[in-house]
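Some structures are shown below for you to check.
The following pair of complexes shares a single chain, chain A, combined with chain B in the former and chain C in the latter.
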Partner chain A sequence: MRETALSVPVKVWATACAILGVSLTANTLLTCFLALLAFCQLVFEKRWRLCLTFGVFYLALVLLLYLIRFHSLRMVVFSEFYVLMFYNLMPVFLVAWDLITTPPGQLSAALSKIHTPTPVILGLLVVFRFFPTMKAELKGIRQSMKNRRLTGPVQVLRHPAVTCEYVLVPMLLRCLQIADQLSVSAIARGAQSPGVRGSYYARKLQLADFLWMGIWAIGTILFFIIGGIK
Partner chain B sequence: MENAKKWSVKDVITLVLMTVLLIVIQLGLNMVCMVNDFVSMVLSVGISMLVCGPVYFLMVNRIRKRFVSLVYMTLLGLVFLMMGNWFLLPWFIVVGIPAEIILWKGITPNRLTVSWTLSSLLYNGVNLLPIWFFWDTYYSFAVASGMEQSYIDAYVQYYTAPGWVIFILIFTVLCGFLGSLIGRKLIQKHFKKAGVL
Partner chain C sequence: MIRFERVNFQYADSEAGVTDICLHVRKGECVVLTGPSGNGKTTLIRLVNGLAPAFYTGRFSGCIQIDGKDRSGEPLWKRGKTVGSVFQDPGSQFFSSEMPGEVAFSCENYGFPHEKIVLRTDVAIRRFRLEQLRDRSLDVLSSGEKQRTAVASVYAMNPPVYVCDEPTANLDGQGVKELREVLQGLKREGCTLLIAEHRISWLMDVADRFVYIRDGAIQWERTPKQMRLLPSEVMKQLELRAVQHCMPSRLSIPAVTGSPLLSLKSLSCKRGKHTIWENLNLAAWAGQIIAITGHNGAGKTTLAKIVAGLERPSKGSISLHGRKAGSSRRRKSCWYSSNDTGTQFFTNSVTEELFLGIFRTEEQLERARNLLKKLDLYAYKDAHPAILSCGQKQRLSIACGLLSDRKILLFDEPTSGLDGGNMRKIASALEDAAAEGKAVLVITHDEELIQACCSFQWDLSK
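What follows is the complex of A and B.
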């Protein structure tokens, strides 16, 4: 199978362009142009599922924004402010998501190529693994609380502080344990060895990578010409 | 400081893991508090300081190295930077420095309490800095989003009236202090016994 994913430097470049574009533009509504570019990148990488979920979310945001602007819809729970914020930041979300869902091996390969200190690489990889792990942990805690009949609404409402303790303490303990396990396994795999860090996953820049770098650069400049700089 | 000053892999991983947990808790509570203007503007900082106190205590107690607070605050600032409030990154670095100075000569529960209480007080900069120094940027963004005037009015009302500002400051300091007391208690009750410290 041909590799369709872009290499890490390109994704970083795209993220930088998107952040620059979103934060400097004078016309917030025009950020849909950058979002379009980001969607094109996802399509090029054949990440259909990501494209679909984010696409639906984006369309919903656009619809909400349209209703707020032209039909003075008022929201009850969710402030209008956040609709625009999410709309505005969508290009950044898209490319950043693409970046952080890169397989960790490729990420660390790219980072060690530019001589990032090992603690920083380790930290970044831990951050990316954090959310799935915590989700599983929370599920486990909920299950064990359920087994002890501690999740009923009456129990939770009558003893909110105790409930907090029941959730927080096991979660913190697990966090510490996970940190220990991770560090043991990292050291066992040579995280502290002084030599140059190599990788199985390092790959050279290909034609498509250069192409996309150019597309993002031109796209951002065009975006500034059309939308104006603040 | 009783043990070596060099950071090991274990310290780095613990620090990052706990910091991410802290940030997630803070942002999550913030989101939940959005339901009501009063809760979100007056109480939310205090509540998150209350809940995060124990986590912070555990983190510092576990690692027991210098610069833990500073790195935590810097990472927090980075998250705010990514969310578009660039001025909060330097601010959080500034917040981290007094905490480091307090803990410089060694980590004791009393010093930790002081440092967390002080951090709670300074954490209010998240809400107060925009209105004091960066109001134009913030306001234009808020208006451009078609945000209702009542929200902006409430924001101005709570953060410019001296009475409310003082109440908010006192409330957060109290919550931070309470959070650190709870942290001390939890550490004695659970974590010391479990042998993880």
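What follows is the complex of A and C.
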């Protein structure tokens, strides 16, 4: 666990502030202020890669907006509306992404602290496990289709429905199998035990957490004062 | 500690079950349930950890006492505090992608206070020497490390009884060794162990008694000493694996003539910056069965996939019949069947599976019929591949390879998790393939399989 990571309540708070700010503002272009705040948060957490990829994307959007506004650039595929929308929603994307990429253990700890029912928490943990498992599974299916010579362009184009079936049938069977194994494993390990769930990851709120909560609160208020409310 | 008294259980949705089980496992004892697959070992384990009849429903009669109490009335989650369960495939039962979260999972479920959870988790992680893996994602661990994590997560709850259901089915030699040490340690600490397993050689030093189960009933009990005295003919009849640990075999290159079917010239494989293996020069002739061996991560599966044209090497070339062959030509003449049979079958019946991509002629149908009879699958010819057992799926995959008319067949761990009977059936199927003039390459950790049928060995560890 990175020492610099903020705790889950702060991330939720930041997301709430960003959503509130973006949806109530009268000045859409000024959302770059909130985006800046969100980038600062990522930098603080030392999430460099996230910062870089989103940063490049954001700059591209800004450039497009500039070209559209001052050089009357016409978009062909991706309409101007979408560019503005993405630009506008960027602060929310940033903090929400930061939130959902929190290690699941910490998310479930935060949820059990606010007395979320155990089935909900287990469901969340399963969802987070599901994607990596399915990715590995799909790769296996693709290779064995290749081995069976079922991936040739002729085969796929002539029988698209059958090809879909070849992918889906083993996938679904595997899903059933995994579901079964996971429920057995959960039951044998006391998942049905009543009462509040404990947690391994418990982080007390630290100075940095309070600081960032404050920054977001003040930042959003300032943003409204400067930009105005609809 | 565990006492079965005239226990009968029959699953609600099938004929299978156990009858008239009387068994007493004393405190601190290690009892191994053995016998061919599908004869009731797993059912007994489920009866102890409570999954049967609570999760797997069925008719139950008799009495099971655990720790001196009849537990049939109490809810299932209470049982988890007394009985810890270790399953076959650790990878598919993890709830967390990080080690501490996974090890702490049971403690979290029982709502222990935070300090206690942290303490127990850290003790368990240290106890099983997992600290250096702590920050790694669970998905990248080796099978042995995963199984150790699974045991650690049970250990954190500190139950007096451990039940293991074929814990080595997905482990290689090193992983089995690690697990043996872990279980020996638990036994020293006074835990009671009940293990269902058909690989028995690794348990000879741990087990106090072997209980043989067949047709849902206990047939006999033997001590390890008595087990060692059983002649191999009897073991074969009992469909058991060898008692003695097979010595790693060193097979010499057989005298061959003519040009090789497959040859690798200075083949290298890099993934990222990491060199998996380099400068391999190997050849295979028709009629040979070659064992590809090597420790975990030595790149055995990668080599097989590259030969089969499913992945690309970083350097070097592969020739078939002395002619350089690109990956699409290799795909035409190589069959690869992966260790995970779950993703290999695409159709609704065994027969359709055999004829997937093959033109149905009267002659081919006849061949398929003979093949299924030989591999003991004929009774299942109209069954859905998903309902087959592990051994049957592996045999079906071999049958598909044989019928596909490809010259080179590659199999990835076809016998992992199979009992002695199934292992021998696979060995004879491979021999049949070689007799038909195919070159068979089989990745395996199974020394018994190597001794049973392989003519030559490629060791990637060197």
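In this section, the second predicted complex is superposed on the first by the 213 of 230 C-alpha atoms of A that agree within 3 Å, B and C clash if a C-alpha of one lies under 4 Å from a C-alpha of the other, contacts with A are read in each partner's own complex, and residues count from 1 in each chain.
One rule holds in what follows: a contact is a pair of C-beta atoms (placed from the backbone, for glycine too) under 8 Å apart; a residue touches a chain by one contact, two chains touch by 3 or more.
The structure presented is a predicted model; accordingly, all values stated were derived computationally and were not measured.
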(message) Quick check for you: in the superposed arrangement, does A:Ile215 touch first (chain B), second (chain C), both or neither?
(response) neither
(request) Would you sort A:Pro104 into first (chain B), second (chain C), both or neither based on which partner it touches? (result) second
(message) Residues of chain A touched by chain B versus by chain C: which partner has the larger set?
(response) C
(request) Could you look at A:Ile68 and tell me whether it touches chain B, chain C, both or neither (first, second, both, neither)? (result) first
(request) Please indicate which partner A:Leu122 is in contact with in the superposed arrangement: first for chain B, second for chain C, both, or neither. (result) both
(request) Determine, under the contact definition given at the top, whether A:Ala188 touches first (chain B), second (chain C), both, or neither. (result) second
(request) Applying the touch criterion given at the start, work out whether A:Leu173 contacts chain B, chain C, both or neither, answering first, second, both or neither. (result) both
(message) Let me test your reading of the model: by the given contact rule, A:Phe81 touches which partner, first (chain B), second (chain C), both or neither?
(response) first
(message) Based on the A-chain superposition described above, do chain B and chain C contact any of the same residues on chain A, and if so which?
(response) 118, 122, 126, 165, 169, 173, 177-178, 182-183, 186-187, 191-192
(message) For the complex, give me every residue of chain B touching chain A.
(response) 7-10, 12-18, 20-21, 24, 34-35, 51, 54-55, 58, 62, 83-84, 142, 144-148, 151, 186, 190-191, 194, 196
(message) Quick check: in the complex, which residue numbers of chain C touch chain A?
(response) 49-51, 54-55, 75-77, 80-81, 85, 87, 89, 92-98, 100-101, 104-114, 116-118, 121, 139, 153-154, 157, 305, 308, 310, 331-332, 335-338, 340, 342-346, 356-357, 386
(message) Under the definition above, what is the set of chain A residues touching chain C in their complex?
(response) 103-105, 108, 112, 118, 122, 125-126, 128-129, 132-133, 136-137, 140-141, 143-150, 165-166, 169-170, 173-174, 177-178, 181-202
(request) Can you check the complex and tell me which residues of chain A touch chain B? (result) 23, 28, 68-69, 74, 77-85, 89, 118-119, 122-123, 126-127, 130, 134, 164-165, 168-169, 171-173, 175-180, 182-183, 186-187, 191-192
